[in-house]
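Sharing a structure below in structure tokens format, with a few things to ask.
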Amino acid sequence: MNTLRTLSAALAVASMTSLAHAADPAYFTQTENMRMTRDANGVLLVEMNTNGGPFKFSAKAHEAFVDAFYHISRDRDNKIVILTGKGGQWMGDIDFASFGDVSDPDVWSKVHDEGTQIVENIANIRVPMICAVEGKAWVHTEYCALANVIVAGAGASFNDAPHFAGGIVPGDGIFTTWSYCMGPTRAEALLFDPKPFTAAQAKGYGLVSEVVPDGQAIAKAREIAARYLTKPEVTRRNTRTYFVQPIKLALVQQTGYGLSLEGASAADLVKSMKAAKQ
Amino acid sequence: MNTLRTLSAALAVASMTSLAHAADPAYFTQTENMRMTRDANGVLLVEMNTNGGPFKFSAKAHEAFVDAFYHISRDRDNKIVILTGKGGQWMGDIDFASFGDVSDPDVWSKVHDEGTQIVENIANIRVPMICAVEGKAWVHTEYCALANVIVAGAGASFNDAPHFAGGIVPGDGIFTTWSYCMGPTRAEALLFDPKPFTAAQAKGYGLVSEVVPDGQAIAKAREIAARYLTKPEVTRRNTRTYFVQPIKLALVQQTGYGLSLEGASAADLVKSMKAAKQ
Amino acid sequence: MNTLRTLSAALAVASMTSLAHAADPAYFTQTENMRMTRDANGVLLVEMNTNGGPFKFSAKAHEAFVDAFYHISRDRDNKIVILTGKGGQWMGDIDFASFGDVSDPDVWSKVHDEGTQIVENIANIRVPMICAVEGKAWVHTEYCALANVIVAGAGASFNDAPHFAGGIVPGDGIFTTWSYCMGPTRAEALLFDPKPFTAAQAKGYGLVSEVVPDGQAIAKAREIAARYLTKPEVTRRNTRTYFVQPIKLALVQQTGYGLSLEGASAADLVKSMKAAKQ
Amino acid sequence: MNTLRTLSAALAVASMTSLAHAADPAYFTQTENMRMTRDANGVLLVEMNTNGGPFKFSAKAHEAFVDAFYHISRDRDNKIVILTGKGGQWMGDIDFASFGDVSDPDVWSKVHDEGTQIVENIANIRVPMICAVEGKAWVHTEYCALANVIVAGAGASFNDAPHFAGGIVPGDGIFTTWSYCMGPTRAEALLFDPKPFTAAQAKGYGLVSEVVPDGQAIAKAREIAARYLTKPEVTRRNTRTYFVQPIKLALVQQTGYGLSLEGASAADLVKSMKAAKQ
Amino acid sequence: MNTLRTLSAALAVASMTSLAHAADPAYFTQTENMRMTRDANGVLLVEMNTNGGPFKFSAKAHEAFVDAFYHISRDRDNKIVILTGKGGQWMGDIDFASFGDVSDPDVWSKVHDEGTQIVENIANIRVPMICAVEGKAWVHTEYCALANVIVAGAGASFNDAPHFAGGIVPGDGIFTTWSYCMGPTRAEALLFDPKPFTAAQAKGYGLVSEVVPDGQAIAKAREIAARYLTKPEVTRRNTRTYFVQPIKLALVQQTGYGLSLEGASAADLVKSMKAAKQ
Amino acid sequence: MNTLRTLSAALAVASMTSLAHAADPAYFTQTENMRMTRDANGVLLVEMNTNGGPFKFSAKAHEAFVDAFYHISRDRDNKIVILTGKGGQWMGDIDFASFGDVSDPDVWSKVHDEGTQIVENIANIRVPMICAVEGKAWVHTEYCALANVIVAGAGASFNDAPHFAGGIVPGDGIFTTWSYCMGPTRAEALLFDPKPFTAAQAKGYGLVSEVVPDGQAIAKAREIAARYLTKPEVTRRNTRTYFVQPIKLALVQQTGYGLSLEGASAADLVKSMKAAKQ
């Protein structure tokens, strides 16, 4: 009898849970650093965050985002995807230590494999994608550059904080996407000598599509999304598929090598840091 | 006797016509929507028009232009090609209905085959090509973007009217050429949210080479043509051939797929319109 | 009481199963048409099947395999992947009707998106992949051709049953992979005039690496796997990554267009079948 | 009266001719060295010939074939194209002198432009293409290699007679297509040391699809054509379009450069011949 | 005795020279038109010059620079490379006559081979490369555009003086690099109608990274170099290697053909000049 | 006096040496492991050797061959290049230890840079290249595969001894060239499971062009060279340039990444060997 009761209770709970999130697929809640909500029209809002506040990138996120973007790409109930941050920041910081010993070939093999896969998975999101930037977009802005439209708050700033400044090659797709959006001269200059540039500059450079008052980026993104939704679904999906194809090909050609060269530079950095200690 | 007289008269007319246009090849007069005239230096002026006035694009033109551009490309007596409109407009309108039922696979097969061929044929024009824009360039501006130099009247405006606004994928070469000339961010933004932009903006974006007072675009084009003509013929031909090669390759790689994706979106549009009627 | 008993029994079975495969990730049991088992060395055996017998491909499998191959590719506990069939057949049949009305643009949009994704996901399996063929490999042999090594029983036969013979374009990656492995002349001839060819012929053509007695393909694959496992893990992963890169790039370039052209041909086939009925 | 009679007679002849070929488009009779006939099912037979006998290639044919293949490609009434020779030879000879002074940059500019265009025009034939070879295929076999299927009489032989043996670079598409069909090692060996190889060898090398008794190549081609015709039109067109895409891209990338390098070698050959005379 | 004395003196001089430049490799002094000096940190300064003054490009330099850039690229003691001119000019002039009869196929063969090799050799410099421009950069600015960063004095000007203005195709890498840095529209306009543009304009166009007061370009370049030197060596080498890869590939694909087309135009120019004389 | 005598003697020797090899450029004698001799017709014979006997590859040769092949490519007095071994072996062995600690990022950076450069330098040899194989070709056969023609003694054998068998990725160009010559299936099988294959097999696979009796490979190569020499120089140079272009492009695209992946695998191998020792 006890067994039966426990069993029934367990089944009831399971049923309630599925009632509570009737329409939400499992992956919505499986990525610690992503809050996903979808409105009735299928506009998926992805808010990158750390404990609900500004997002600090980490090795854990590096692994989890690969699958998160994959699930987003595979779910045909997503009609438009908006990628944004939380707590007034898009992505301002990174926890380097979380990656462990990047000179260990097994550690870097994982970074290489995840890094090549993540940009392909974003490119394979086959619905219009909008990036809404507030505050700092200083880390992994290639995720942002893979959107079709980038909306930025006036006070937003862009940068590539983790690579050359930190002593490693910007090899993870950031050069490929920045060069594609802003031209190679500008991309090389900004990556070799990284310092923040404003939303207005980013618009002038060709990275940002629209600058709005601070705090309005998501609202603007939803406005754009609503306009897209007046078109047939196949039109929306195929337009994204067609537009993303050249940069997807470039990423497939370049990112694996870039991450390998970055891995070698990371090993050299560790080596030189060890040497400096002695 | 009557027969004889009629016959003689007909022959006389034919003879006079051929006298009047002694040097003109047959294709000059075979395309209803193109008026072609060539000066003594071999500068071919192609004026797209409908009954002598502003040109309204149609399925008939879609088919005829494929061959027209081919003949232009093959005629070594053409030393420079100037592509322009008539009646103060480059190309402002399109007759969608003329294409018939675009959800019929046989109808779209023709659109696909002609659409991939037309941009290749323009790319294969192996002499310098100048596009002279007055008024609206709202339709098929990829023909324009395949010129080496684009001269626009100050009041000219550019747009992609027929695709996303109409509910179909901009898959016919317009994304490929706009992305090549203006960068992908700008191209995507303008194609996803189509609205006219001015000649001055177009110059700032990198599409237009020179802005002149309204009505002066052809004159300016002729001036540029005259300058090119001072160089040896092989130099002119080979410079065009060399400059056009990267965009030609991109078109060969991308346009077939783009038109296929556009065809699927057109079928979906028809489907959703039929559903809306019920 | 009966209900309770049935329930308990079901739970017990579930529990035993999960005990028996304590270390098995969830995706092992989530794909109806794939039985996955992994030995202590990380050799994953994927047996495609329908109810435990010979596998008949279907729309359901088309959707499920996309994710199945993705999960396989992402799981670093897989050290080698062996892909095979069940019941003496690799893949001999297809349930066309399960795909529904392939002339409906929404139906084909799903086929297109899944079809481009599935070959990319197989290509992204970053450990050596071995295909073990017994019996008929008449459907979707591009999955097989994406392995590094193909072992076939002497009585195995290869074919492309579903495309040109059925009246549609072989656009889903089969031309790309067959052309890559067997040369374009042979691939075109075999796809334009599909009929079975033997394992020995397939070896002569360059598709099959090794022919073994019937029933020995999996054993041979395990033998090869054991040899690979003597090398360091990064060596195994990176060798696969490097070898697969050219064909992965070709698939990314060609498969989307191929599936679009195939979709148009499917719509024309449906149209002509409807016309024939009247 | 005499004038009248001559005129009437001429008109009668013209009328009869046009009656006899009521459905034949103008281009059928515009190429001196091509006899074109089309059966009721749309199978176009193109017989290359010189005065109805074995075809000897010439500068005139080089120019005329460009347009001939274009017209063939553009005519949607052609459902299948069979390319063959006449008088028991596919193409066995070439009239070098007809090209004039190939060291003259204006002469070679024409060769370059026609040569790049001709292979693109053949690649753009968007229906299945079959090459039927009898006798010598010693010149311009890249036209043949661009077919989907090559049928050869048992006594047929293949060669590249005009290039390295004659002292010039095989730069006109022959290396690109031979390398594609037979592999680069074999292509280089055969082009650097040109000598005839048999139909059987050509089949072993991967160039020829089927060998038939002498005199049966066209019949076999018609048999294959009949089989293709049982499939829907869009299927036939799109399969060709898809299959030809990789080699078309290779030709667009390589042929212009190849012909330029060939032109320079021709100029050097002329120079060395002049030097030898002195 | 005299012999002995002369000998001793010669040896002493040789010894002193080698003492003075103890660490300098042989190639430092083997290129007449390049002065090379390297500081203690491995920053190599390459000053192109003619007799210590402004550099006038010549056939001799064309040949010598190929090897000079190769040696620079191969010497791992070079940590950063700064390319500049001398006498207040980067490269303002060219000695056309030094190339001899460019319509001679043997002469142009050398130009073609050196021209394709030189841009590859610069691209293969696997350390950060900075171009410091003062005065005129009117000739071979593709060497400059292959740097990662271009610093220009305010009074510097850019142009492509030798090609279309002189009647030949800009086929030596200048279109490829200008199009890459400044976009194709701008590149084509500037190359078809060459006239000097200022350093400020060049910055707006995306060619120049930084404008400094006249005479400060080298100092600024050294400042940038010092900043780069704070990063690990593998990071510096691999960042350059990664960044240069797309333009290197484009050059390998395009430059040979470009130089061939340029050679044909040069032959036509010579022909037309000879004709004009008669 | 003693000094004088020594000096004179030294000068005399130097003078005699330079007399004996009056026409020989300096690089002929600068590569310890290559003996270079050139006949009166410009046929350069390059014999790889260790102390005059069978050649054992080493880190020193890896560095020196980069420059050796470059000098060979740049010397227009070389009309044909024959690459062979010495002592009855092409290249049968490798001294792994000479490379030092391949898990050190600075060590591998050098391997990566040299390895990408060496295959480009061989590809840039712009005259016909013939590889003459006797005995074992077990190491770096990509140098051989980059020849236009490979002649092998009947007893020669081919293999890839140093990579997968040794626990590292075959990433240095061997997969790219083997896949190009023998097809990817065969290349992958042979590289994943390396064991020697005979000259006859190599011919069947498409790697070897001609098999001759043992000891006759060089003689045969000279015979072929003599035949080539009857053609104009530009023809010979341009044919090589044209034929090598596709594989050169593939090497530029793939080798850097391949060597990076190989470097990571080498680091993992060292790591696992260290772990095994503990």
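To keep things simple, chains are lettered A, B, C, D, E and F as they appear, and every chain counts its residues starting from 1.
Basically, a contact is a pair of C-beta atoms (placed from the backbone, for glycine too) under 8 Å apart; a residue touches a chain by one contact, two chains touch by 3 or more.
Since the structure is predicted, the reported quantities are computational estimates derived from the model, not experimental observations.
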Touching chain A and also chain E, the following chains: B, F
Rotation angle (°) superposing Cα atoms of chain A on chain B, nearest 5: 120
For chain C paired with chain D, centre-to-centre distance based on mean C-alpha positions, whole Å: 40
CA centroid of chain E to CA centroid of chain F, Å: 31
Intercentroid distance (Cα basis), chain C paired with chain B, Å: 45
Two or more partner chains touched - positions in chain F: 105-106, 109, 183, 233-234, 238, 241, 245, 253, 256-257, 261, 264-265, 267-268, 271
Overall pattern in which the protein chains touch one another (line/ring/star/complete/other): other
Full enumeration of touching chain pairs: A-B, A-C, A-E, A-F, B-C, B-D, B-E, C-D, C-F, D-E, D-F, E-F
Footprint of chain E on chain D - complex, ascending: 103-106, 108-109, 112, 253, 256-257, 260-261, 263-265, 267-268, 271
Residue ranges of chain B touching chain A (in the complex, touch as defined): 164, 167-171, 175, 179, 183-186, 188-189, 191-193, 250, 254, 257-258, 261-262, 264-265, 267-269, 271-272
Residues of chain A that touch chain B when the two form their complex: 128, 148-150, 180-183, 206-210, 224, 227-228, 231-235, 238-239, 241-243, 245-247
Residues of chain F touching chain E in the complex: 4, 7, 11, 66-67, 70, 74, 76, 105-106, 109-110, 113, 117, 120, 124, 126, 233-234, 237-238, 241, 245, 248-249, 252-253, 256
